[in-house]
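Each of the next two complexes has chain A plus one other chain: chain B in the first, chain C in the second.
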Partner chain A sequence: MKGGSIFVRGRLLPLFVWIFGLLLIWEGTSWMLLHVVETPLAQSKLPYVHEVLSTLWKYSGTLLKEGAATFGNAGVGFLIGAVAGASLAVLMSLSKTIEQLTFPYAIASQMIPILGLAPIIYGIVRDEQTSRIIISGYITFFPVALNMLRGLRSVDPSALELMHSYAAKPWAVYWKLRFPAALPGLFGGLKIAAPLAVTGAILVELMGAQHGIGVIMLRNLYYGSSHTYMFWSTVIVGALLGIVSYWLISLIERLVAPWQPEFRPKGGSR
Partner chain B sequence: MSLLATNIPEIQLENVEMRYRAEAAEVLALHQVSLDIAKGEFVSLLGPSGCGKTTLLRLMADLIAPTGGNIVVAGKSAKEARLAQKYGIVFQSPVLYDWRKVKHNITLPLELMGVKKSIREERALELLDLVGLQSFADKYPWQLSGGMQQRVAIARALSMEPEILLMDEPFSALDEFTRERLNEELLSVWSKVQNTIVFVTHSIPESIFLSDRVFVLSPHPGRLSAVVEIPLPRPRTAEMRNSPEFFELIASIRDSFEGV
Partner chain C sequence: METNSVREASFIGSSGKDMAQPALTATQKNAVAVPKPAEATASRGGSRMLKRIFSPGVLLPVLAGVLFLGLWEFEFFHKIFDLKKYQLPLPTAIATTMRDNFSMLLSYTGYTLTEAVLGMLVGSAIGFLIALAATAWPRWGSGSLTLVAALNAVPIVALAPIMNLWFGDGIGSRIAIVTATTMAAMAINAYKGMAAIDPLALDLMHSYAAGKPAVFRYLRIQSSLPYVFTALKINATASMIGAIVGEFFFSSKGLGYLLSNSIKVAKMPLGWSCIVLAAIAGVLFYLVVERLEKVFIKWHPSQRK
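Up next is the complex of A and B:
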């Protein structure tokens, strides 16, 4: 439809102009630092965009392989953390006692800096894959538990009374009312946790692993200015992994809970 | 009394009392309410805000328990009646589940009772037909207007053919025109299903138009202050709202408020 294409163009065009403009400023600034201001180690501070992009292309095979190692472990940890977080939320919603027993510890656990926890975990398990999974799961756990609990509690009291009036069994109240009502909260938590899980996995790799995007990130940082372009490429790949994880969760949300107000067509509030 | 009503009491309240603890003070929400509702009767609980009419309905529904007195529903306690799934409830808001299509909102009570899927689907279509929403079976609740949503809520309440339909100001959020039309539709549905209906409202004309009897409640403390028989013949028609009889009934119910 004509109206639709204008709408799409109206949204995409400014985005392209923005990105292109930013890249142009970047390239220009990089050139200024190198040739006009003549800063020492100018390319380490802000490398040429075209050099970074060509390195990204040239080593795309390696970057993809190492990125996949990071993403795979982060994904497994994320899944385990999400299941554990959601399960704890269900238990806490069932019993105030369980909530009072576990919630302070759940909060306290989040006070431990990941930067400190990662080497401890690595020191104990001595396996980079397991460490990555544990840290990613650990990071995922809290936002998922918190948002899921909030979702389970957000049920409209009348909706609960309706279940009560039909003498619904407790499992039916969960299965047919509380779980569906908690889906927006659950996905809210998952969307916060997914990029964090990737960042967590990369952090573990900095502690001395053999594989993963964090490993080549660290190596190229140590090798110094000659590896600047590769270092920047790994940073970009790391960011992309986070974006992809967020995007994946958003996609699943649209498939699983498409009835949410934010997905309704315009004017659908009627 | 309507032809449908019998002399068998369906709901009996005896000296029912309800006290709330609100901060430090104790509030007497209902004081010594005794009443009988016959099987197949359509009654209204009418009164201003704070008279305890919704509390009274919630007591009958076993959503709350009284602090005194006795409630008997079809020869059992209110709780037993609820567990035996004798109630259909329609709240002030439709309370439809956003993630269910209209037809699946309607069949929710049947699902909870373990009714087979093929029978549920069939029943959903019958009920949609009954409330005039045949073409909306596969829509989601938010795609319907407020009046349509409340009709879905009524269809849901009727899905398991409840002996007793409890309605808590179901049309109070709707405009006058929609409300009057839905009143007429409700009566036509009732004439087909022939169950007992307890209808809470703060509208005098609405209570007269619908009911066999109107229980008038007054506040501070909430209590039953009058019972008014509505002798208008059935089936009731829209024109009856303009009859002198109708206006006399409005005046007499108003008077019963003045008297308190």
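Up next is the complex of A and C:
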């Protein structure tokens, strides 16, 4: 018990000091820009923290609604992409031909600036809902497939031999051995993909949609300096969406695959 | 090699994990038969090269690519998805547009690549410094690492307007965006590398009465290098994305600007040629970083043949 509380204090206290310190510096710099240096558009460049927070509070209903629209679309695309990616990984692990066919393209797609495709897909589909889902799904697809494949391959050979000696059916090998072994890899891929899927959804919204956090972000940017607090609130909501998506996947990982070394209280390698 | 990119992908997301990765990869590389791209084998002998080219690992994907382009060219996809030619231009139309606008496209690619490279260098340097600080003063430094990891989850598009306000609409704002997006991967990976030192080596340093600077100079920085290069490879791709997305909204030059602009005025072939060039530039940038990795960490087990 005592060790736990020291652990918490040792980790969390510096973090809180960091956050509060940064917020203080932010507030101070904002004051400096406005009153001492008197730069033009000072509040647009770095608004007061308390003003942004109060705007965030005042318009929390709208922000929550638009944020939920973005998050929902990104989530649907993310799920579709994840399922498709995981299925491709299973197919690749089953068939050498499919692997040879798709592996180079999966690798190449990791080197290509995928988000650049967003305007093109929006141009083809011309429907905000569908294109948000397509982009999020596409971004999710390859990281999930590659990491899942790595996980499926990481099976301990002697465990595989044991399954063979029990005359286990292929589906039993997959269900009992390969899928559990692939879970860490799968979640690694999902954690990469989740914030990217949100980014993709917001990007499509900035291209011209009707609903979503990106739409009010763009609107308030164009209204100019009178809406600067609202604009900063949308930026913060967008950032929070990305962080929440990552955090959500990590939480699910802890629930689904709790046996991994890094979840142990002392850490596996130290 | 191909396996590197599979392995690296998992590095982005998992913050502060995967300590045993580089040791694993050496065995993985032997276990996974990886199809190599044709250009990688060009330096080998002639007959072996022919054999490689006609092996299924190369032949299959090439055939699939040609088939895909063929179906596209003969309007197969247009029929299935009920698309018009102005929505999805044909490959030949894209190639013609690329030839017609070659000099402009080339200069824009150079501009975007400059942003990406400069931003990546600045971002990676800052990330490495953060990792150094976090390792040197673990109690207070690790908080900064958490904040940087949170920055990693922030969508790039949210950064773009702010950086534009701070740095104007010149090249500076895109460099700042790329810096912000590449910092986190480097900080997290370099920190992992500096922590993943051999305890025996650390004991040896202590028995020599080596001070903190000496431990960093001779041990930690050396052992972080493989992780640093993994981060650089992640950043090579991320920086291209950051530069292009940054150009979408506030720019008058560059591939991202041309891309979003030509979509707006329905010049689809021009938009597609931007994508093709961005993809080529991204792959080249990645390959250059990979080549540098081979030169700098020859000694590491993951690089042995």
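In the analysis below, the second predicted complex is superposed on the first by the 246 of 270 C-alpha atoms of A that agree within 3 Å, B and C clash if a C-alpha of one lies under 4 Å from a C-alpha of the other, contacts with A are read in each partner's own complex, and residues count from 1 in each chain.
Note that in this section contacts are C-beta pairs under 8 Å (C-beta built on N, C-alpha and C of every residue); 3 or more make two chains touch, one makes a residue touch a chain.
The shown structure was predicted, so the numbers you read here are calculated from the model rather than taken from an experiment.
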Partner chain(s) touched by A:Ala159 [first = chain B, second = chain C, both, neither]: first
First, second, both or neither for A:Ala167, with chain B first and chain C second: first
Partner chain in contact with A:Thr29 - chain B first, chain C second, else both or neither: neither
Touched partner set for A:Thr130, first chain B, second chain C, both or neither: neither
Which superposed partner A:Lys176 touches (first chain B, second chain C, both, neither): first
Partner contacting more residues of chain A (chain B vs chain C): C
Contacts on chain A seen with chain B and repeated with chain C across the two complexes: 260, 268-269
Touch list for chain C against partner chain A, complex: 2, 5-7, 9-10, 12-14, 16-17, 19-20, 28, 31-32, 34-35, 37, 56-57, 60-61, 64-65, 83, 87-88, 139-140, 142-144, 146-147, 150, 152-158, 161-162, 165-166, 196, 236-237, 240-241, 244-245, 248-249, 255-256, 259-260, 263, 266, 268, 271-272, 274-275, 278-279, 282-283, 286
Chain C-facing residues of chain A, complex: 10-11, 14-15, 17-19, 22, 41, 44-45, 97, 100-105, 107-108, 110-117, 119-120, 122-124, 143, 146-147, 149-150, 153, 185, 188-192, 195, 198-199, 202-203, 206-207, 214, 217, 221, 231, 234-235, 238-239, 241-243, 245-246, 260, 262, 268-269
Contact footprint of chain B on chain A as seen in their complex: 156, 158-159, 161-169, 172, 176-177, 180, 183, 257, 259-261, 264, 268-270
For the chain B and chain A complex, residues of the former touching the latter: 61-63, 82-85, 87, 89, 91, 93, 95, 97-99, 108-109, 111-113, 140, 142-145, 160
